[in-house]
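To keep things simple, chains are lettered A, B, C and D as they appear, and every chain counts its residues starting from 1.
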Amino acid sequence: MANTEVFWKQVISKVRTWSRLNSIWAVHFNSGSCNGCDIEILATLTPRYDVERFGIKLQGSPRHADVLLVSGPVTRQARERLLRTYEQMPEPKFVISVGSCSISGGVFEGCYNVGGSVDEVIPVDVYIPGCPPRPEAVIDGIIQLLTHLQGGSRPTAKRPQIVEEAVA
Amino acid sequence: MTTLSALFTILIFPAGLMLILIGMLYEWIDRKLVARLQNRIGPRWFQPFADIVKLFAKEQIRPGIANLLLFFGLPVMALSGALTAALYVPLMGFAPAHSFPGDLIVTIYLLSLLTMCIGLAGWNTASRFSLVGATRALTQMFAYEAPFLLALLGPALAAASWQVSEINTYAASHWMILTQPVGFIIALIGLMGKLELPPFDSPEAETEIVAGALTEYSGRGLAIFNLGKSVELIVGLTLIASFYLGGVAGILPFLIKTIVLLLVMAVLQSVLTRLRIDQTVGIWWRFGAILVLAQILVMIIWKGWLS
Amino acid sequence: MKIGTMLKDVLESFFKKPATQIYPFEKVNTAERFRGKLVYNPSVCTGCNLCTKDCPSNAIELVTLDRAAKRFVLKYHMDRCVYCGQCVASCKFKCMNMSNEDWELAAIKKEAFEVYYGNDADVATFLEKLTHPDPVPGDGAVKE
Amino acid sequence: MNTEQLLTQAEDLLATWSKESTHPDPMRLDVVISADDLRAATQDLHTARWGYLSAITGLDLGIEAGQLEVLYHFCSGPAITTLRVRQPRDGEAVVPSIADIIPPASFFERELQEMLGFTITGLNNNNRLFLPDDWPEGVYPMRAEFTKDQGAPVPGRHADEMPDEGLINGNTFVVPIGPQHPALKEPGHFEFTVDGEIVTGARMRLGYAHRGIEKAAEARNWNQNLYLFERVCGICSHTHAMAYSMGVEKLAQVEVPARAQAIRELVAGLERVHSHLLWLGVAAHEAGFDTLFMYSWRDRETVMNLLEQITGNRVNYSANVLGGVKCEIGPEQAKAVKEGLSYLEGRIRHYLEVVTTDVMFLNRTRGIGTITFDEAVKFGLLGPTARASGLVRDVRVEAPYGAYLMFPVSAVTETNGDLEARFVVRLKELLVSCATMNNLVDNLPEGPLSVRVPRKIPAGETISRMEAPRGELLYYIKSNGGESPARIHVRTPSLCNWVSVLEKAVGSQLADVPMLIAGMDPCFSCNDRMVTVARPGDRQTWSWEQLRQHGIEYYK
């Protein structure tokens, strides 16, 4: 009896991973970027690159999204809003940090209103360097996330504290 | 109709599970056609299926101030409304699972039950976007509901019966799209309004009010609402195909006619800009209602003299 | 005043092949001048450090182990680099270049962005020096 | 009226107040006046209709000089008159506000107040302009002695406090279009008080993209700054780099070869095509016409390929080097440019026809957000948004720079000033620049690509004005003769166009608001410096007319 139950568990988890790999809904947050990366992210929807063939759709609300595409060095005003957007997304959620200045502050390293990189604020799964990365490089980043997920979904590093504590 | 075969038709073959799968397939055809018209490749055939399964596997966040019963009950009510509407409609060319005189009115009421549920869900989750989305969904419903019903009454008058299956058999011999072209156009555009496809998608205008009434839904609730929408797409298409395009005799004519209708709707979707809510209501009441009333008048006069 | 002015475009593209390049399955040939990942050739370098001074996001650090024997190690931070090509323009000896094939640089972990250029012996000694610095200071200008 | 006559006319106008007036270069007139005569001098220039206030720059002349200085730049055609006011550094640096004479000055003055610690008397809105709300009082970033840790956040306060007016008060409630919203591809926070579908009040907070670039520029050498200023905004990056490098070349008295200037104009033209096609797609997407978004961005890929072939990158091209250009235009690049432009010209004519005849699209654009000619002058609008209302503001025509003398461009204007006119102006402008680029590629002047510029730029200050795709861009560059600049002030075009959006949003439909925002082609990161935050002190109930009047007054 036991192994049929285990069998069913495997089937369900396989179907679940399959559906997560083939239907990715992304939401885009610009935390102070120069909008170079944002237009390349938007360009991936257009006919020449068309990410809808992978099942990737850009959604408006973080509620409907699985992947958060963050671009830009987190400025101080955008920091709390980035945390709040990340908190609004339902589990399982992943973060892709697009562009050199979201990984390490890039050219704006050391500016007084810039907090530096995104992974100081929220846990990041895939980093895409480039200023801005080509639309194909953004697609390559998403594919890296998919292959990374192929081996079962990574345990999401739960954010212990909620927004108010983190900000205070 | 033994209860077993009735249960089978309701739960499995033409109405229940099969309808949901075909509904998802039709939603894929719609997205693929719109993508192809926009010169892109578009999603793969199992895309809506993957979306729904993924949404079921996601966490459902419940807003604090939303009333629990309504929050979980409304999606189920919406889907069941759409599914029961499918019982009276000749799906896949088979005879409808159940039909009685006057079931046309019940079908149309059940179809608009879904929009009411979306409106209520938007009000219940009380986020500012869903409030605006809910008011827009309900305002738009008042706009297209009457002309859509009247457009379907045209063929009912011609077939002198309010039973869908009878109108279907009557339509097999006379192609009513030729005799009542205005009614056909109003019915098709009314269906686009009901499904909130562009140019009537201001209740869920992504760039104004994020996702309209469903902004706060995620996971299962969103999946069930999307299922309800795709089932409604199928039911609406079958209704118009069986009334205006010469009845739906078997599977093949059903498929051809509904997919041709879907193609026309996809072209309309990709060629027209979204209308503001006041413009939609204006167009429906100024042009929609008057044209369809004229059509009905013509029908009455024609029926009065001839028979 | 016409309705559906995009109808011709839409119907045309319905019958012709979509304008999508199926990226991962079909190789994309980027322009010959495209600035991808930095490539460094230590044999021509003289260690003048003009490139590290001019880099707007200090993404390159040059370590000279032995100036005469041209033993240099270049530490290249791919995540800080903004791919502007100023180092290529500033270098008088043409030892810097930006490849136009290598631009798929996404990575799961940030450590993948620390790249060391130089012949492997130098890189090995440099890394080994990094891990446990020698007690005796002043052996070669290890500039961190 | 050529430049000399303009300058002498300005000099006579200001004769009574000017303590000392000099001509640093043939195009500019500097007039030193005292703070109390400032209002009278501005009033005279304004009544005589001498040009428009282009920018207000604040300078910290250093701790030993003990002086702060404010420069009011008035531009009329190629001539620039600068009123200079000096104030003590440690004591009270008080300058009267001129916002009631020239409305857009209120934003520049609040930038002064926040960045250098001036107290502007008579300014009605003293809220934070770009700095976060938890910025400590009394710390001014552009002062010489400022370091990054002085600006540490004050505990217990949030970075962007937008007082929440509550979900519903009466039958109006607030719809936030926040930093994360599908209509905005960049962070900005708008709050529209909505009564049903009609917008009754509008508030806006930007500054989310404020990175503090001007302060960082003082810590980098001249070469590094070129790439820092290129990333102020991703879409008009070449114009920023061109304005910066032309300013530095003017300071270093270096003659840039004609071929380099022509290539700069070519890349600027290609950038204008890419920026306007991008805007056409985004504006159509906000109107709900996704097909036009998909098609215009598909055609934009042709121009992106050209830019990639010529400069080596699709966005942030880094084509400029101090003293010239890095990228050579060979015969095959020229052929590719001509082919690409001929294809694009056909497509742009088709889009022009779509935008002016498609009934459904005209429902969303004709007669919406109409700005009359004198409203445009009152708001101090710039670029295509101004030209759509008939106000000719185009630096390439008024004050031609670089290669625009050899390959001139004609200004395109419309008159009715509504959203449709803004679409038409931008698309017609593209046709004009396509024609100019074709002519430019045919007879590209011969010569070297760049000239050596010394690493230390000689002391001095200069103003370089460029026409970015969104309007006039002004760079004020001051050097003390060192390896890095003393002060660089950037005034970007979108900063002046914001008032018109708020002004027109009040009274329009909620569904039209994203279109109004898109109508001026906002570049948030360009003007990472603009916020108007309302602090509603008292709670009275106002009639509709009062509220509208307050809205106009408040956001002047």
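Keep this in mind: a contact is a pair of C-beta atoms (placed from the backbone, for glycine too) under 8 Å apart; a residue touches a chain by one contact, two chains touch by 3 or more.
Just so you know, these numbers come straight off a predicted model, no measurement behind them.
Asker: Can you name the chains that touch chain A as well as chain C?
Answerer: Common neighbours, chain A/chain C: B, D.
Asker: Distance between chain A and chain B based on Cα centroids, please, to the nearest Å.
Answerer: Chain centroid spacing, chain A to chain B, equals 35 Å.
Asker: What whole-Å value do you get for the distance between chain A and chain D if each is reduced to the mean of its CA atoms?
Answerer: 32
Asker: Quick check: how many Å separate the C-alpha centres of chain B and chain D?
Answerer: Inter-chain centre distance comes to 48 Å.
Asker: Please output the residue numbers of chain C that touch at least 2 other chains, ranges allowed.
Answerer: Expected reply: 3-4, 6, 9-10, 18-20, 22, 30, 56-57, 82-84.
Asker: Residues of chain D that contact two or more other chains, please.
Answerer: Touching at least two other chains: 181-182, 227-228, 231, 291, 294-295, 298, 316, 358, 360.
Asker: Would you mind listing the residues of chain A that make contact with two or more other chains?
Answerer: Touching at least two other chains: 46-48, 50, 53, 60, 101, 106-107, 131, 134.
Asker: Considering only which chains touch which, how would you classify the arrangement: line, ring, star, complete or other?
Answerer: Its topology is that of a complete graph.
Asker: Please give the residue numbers of chain D that touch chain A in the complex, ascending.
Answerer: Residues of chain D touching chain A: 130-132, 134, 141, 146, 148, 151, 153, 155-156, 158-160, 178-182, 185-187, 207-213, 215-216, 219, 227-228, 231-235, 237, 278, 281-282, 293-295, 297-298, 301, 314-316, 523-525, 528.
Asker: Name, in rising order, each residue of chain C that touches chain B in their complex.
Answerer: It comes out as residues 3-4, 6-7, 9-11, 13-14, 16, 18-20, 22.
Asker: Hey, which residues of chain A end up touching chain B in the complex?
Answerer: For this pair, the touching residues of chain A are 15-16, 18-20, 22-23, 25, 46-47, 50, 52-53, 55, 59-61, 63-64, 66, 88, 90-92.
Asker: Can you name the residues of chain D that touch chain C in the complex?
Answerer: Contacts found on chain D: 220-221, 223-228, 230-231, 291-292, 295, 298, 305, 308-313, 316, 318, 321, 326-327, 350, 353-354, 357-360, 362.
Asker: What does chain B use to touch chain D in their complex?
Answerer: 37-40, 126, 128-129, 131-132, 135, 198-199, 201-202, 205-210, 270-279
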